[in-house]
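Take a look at the structures listed below.
Heads up, the next two complexes both have subunit A, just with different partners, subunit B and then subunit C.
Here is the complex of A and B:
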């Protein structure tokens, strides 16, 4: 698995949202995009999965250019995408939501379900309940589980902490680490920079649609500029 | 291909409704037999409702299931009428002409696929303008006045049955489409487009299918309308009635449901028929219909069919809990 984003620019209509952004994710890596609201993290993720067409630059997944493909084809190449705000089908049950994530040609649907249930035992208990009746944390688990049903090689997570209590967010993050242990690469956009830097291997700091800093997450945590701007700590 | 593994069983509710509709169509089929031979005008009056029912089916597929806010249904309708009129003039018989009208609509729908790139509100505005652009084009390439040749004029009873067959096919064709993988994909897209695409559903493909099938159905309705009315001219492209009334019917009946367009078209037909009877030649039906729309919009914005179903569900569930209580007592 490899994802290479090189010099990508994108815009919403006339408003430029990304300027010359380059990032990469390699096999087994946990990469984070951190930055304030409106920094372009979400836009970058949406550009990668083809929801926003890039103006210029190249995006390669496993060496193949994907910047001209549409979302569904990109997803089918082995990318799991958890959109911001979870976007579950509220009137469907937990299990139906999970099944929605499975490719049609899947022959081991039960295995995939079992894998998700081992990761999130609470979902098995509530498999018949409607998604709308779940707590925020459980809904996030369904969204992650749904993205895992297609056995992706890369999991893209947009703002997991959305609407979650910090303790629940921590729990969800520890499962993401488990998923990473199983060999799935992770690319995550997160406003909670402190947590993001703690759990990830490598991070990109974004500001006004540009990558302003990047490096190993452990190094960035100690970076005085990052500390001041994103972790709310004065030196 | 598609990333849906949706094992929703055909619900009991859908089966019951479709049985009722099937029964209604059968009743409509024997209706002319019980009617006195002399009463041809009633048959003629009823034939126009087949046009409305079919148009409502078409709009429900596009606007209800696929979320394509098409404000220019008349472009398909009028194209079907003009193309079938032209082909009858070219010597084709009635059935192939109607089919050709439908195919022209389907082809035109394919040409409209690039407009999906527009945001949904801009798509709606584009569809509003398209019939205006089409009028001069049709006048230039196909003609201005369309008359059913005397050889193709059918008796009232034949006309009635042609309309019935077209309506039956459109209702159950779309019903079966919605129970296929295409239907499940459309329902998923209707519920949450972003979520569906992020699960690997090909949004453009399924919306295109809905537009092409819907365009075909609306154009068939137009072809049939020409046969019904005898002659039309190209100003029909500017007639908003055929764009807006189907939308009203679908909204009143229940948008994006199987029962909705049928119920809406039925209510419209009853209103239309009774005002036609009491104040012939008037436009009181439009007035009455507008009142119905306002009442529905305020009291039951989801439409009659979903609200009625929710109500029956509540009543039956109350009954069953009562039964349980009396059993335990």
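Here is the complex of A and C:
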């Protein structure tokens, strides 16, 4: 697994949202995008999976250029995507939501389902319930489970902490670390920079649509500028 | 029962049977609107085109091969599914991402085009536009009672004092059978669920690996095919003219899908039956009561829409909660 984003720019209509952004994720790595509200983290993730067409630059997944493919094709190459706000299908049941994450014809669908239920046993108990009836944490589990159904090699997560109590967020994060242990690479956008830097291997700091800093997460935690701007503490 | 009580019962039962057809005529549009947020105003024209195909079939094919023209409804399903798919790729696909207005105008253009084709392209084969496959019982009621078009010999059943026309009954049964099948398709199969997922959140569907464009093609094709099926059946129970789509079908279909809740198959079925019943009830009231106050006899349709508007004021989201859309 490898993801290479090189010099990508993107815009919403006439409004430029990404400026010459380059990032990369290598096999087994846990990479984070941190940055304030509106920094362009979600835009970058959506550009990677083809929901927003890049204006310039290249995006390669496993060495292959993917910037002219449609989103579902990119997903099916082995990417699991958990969108900001979870975006479950509200009137479908938990299990139906999960099944929507798997291509129709795969033969290990029941295996994938079993794996998701092993990871999140509560979902098996509630498999017949409508997704909309679950708690925020459970909904986040469904969204992650749905992204795992296609057995991805790269998991992309946007703002997992959205609407979750800190303790629930921590629990979700430890599950992500478990998934990473199984060999799945992770790319995660997160406003909660402190937790993001703690769990990840490498991070990119974004500001106004640009990457302004990047490095090993342990180094960034100690970086005075990062501390001041994102971790809410002074030197 | 008195004679007028029997007439009223006859009319109301006729209304329910007609309501089954209304539901069938509406269900395809409800599906398309629910998934794509595209109001295909050519849906009525699709139905009328299918009716003309069935009438052609009864004139050209039936006498030679002795095939009951009722079977041509299946042919209509296939042909209109193809017309729907072609319209989607040639027209709607190109404009659907631009918002609500362009697809609406595109299907409006398509509707005008199809009516023109029906009115002019098919002129050569008919001496009259007023065609129907049912024998006209009252010759004074229409200019179109052309004997050469009445190739379909219909039988009637007497249930107690009530007379049921066989074609109407068949239309009703087909409608009642197809809509629950559609419901099962949408709730039990992968493609059905993927269509619903697309309707609820198309971006999330793409993020999950669902080919949204394919789901849209599928629902548009299927919805158009259902218009074809409805059209084939329509020819057996109603008079058809090139403008039938706009003057009577489309307003009723819109009333049914709004009442039933967009995208809800079972809701559409119930709403179709209710609208059929209200229409025939309105006819009864208009005929027996309002004419005494010098209202025209065809005031029933106006009354139907007055009731519909009142229902919408009371419950603006339609009568049935369960929807394709959230």
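Worth a mention:
Definition applied: the second predicted complex is superposed on the first by the 235 of 235 C-alpha atoms of A that agree within 3 Å, B and C clash if a C-alpha of one lies under 4 Å from a C-alpha of the other, contacts with A are read in each partner's own complex, and residues count from 1 in each chain.
FYI, a contact is a pair of C-beta atoms (placed from the backbone, for glycine too) under 8 Å apart; a residue touches a chain by one contact, two chains touch by 3 or more.
All values derive from a computational prediction rather than experimental measurement.
When both complexes are superposed on subunit A, subunit B and subunit C occupy overlapping space and clash. Of the two partner chains, both subunit B and subunit C are touched by A:146. After overlaying the two complexes on the shared chain, residue contacts for A:128 are found with neither subunit B nor subunit C.
In the superposed pair of complexes, A:99 makes contact with subunit B and with subunit C alike.
By the touch criterion defined above, A:75 reaches both subunit B and subunit C. On subunit A, the surface touched by subunit B in one complex and the surface touched by subunit C in the other have residues 49, 51, 70-72, 75-76, 81, 83, 87-89, 91, 96, 99-104, 146-147, 150 in common. Of all residues in subunit A, only 49, 51, 70-73, 75-76, 81-83, 87-89, 91, 96, 99-106, 109, 146-147, 150 touch subunit B in the complex they form.
Contact residues of subunit B toward subunit A in the complex are 1-8, 181, 188, 191-192, 194-195, 197-204. Subunit C contributes residues 190-191, 193-194, 196-197, 200-201, 203-213, 322-324, 326 to its touches with subunit A in the complex. By the touch rule above, subunit A contacts subunit C in their complex via residues 49, 51, 70-72, 75-76, 81, 83, 87-92, 96, 99-104, 146-147, 150.
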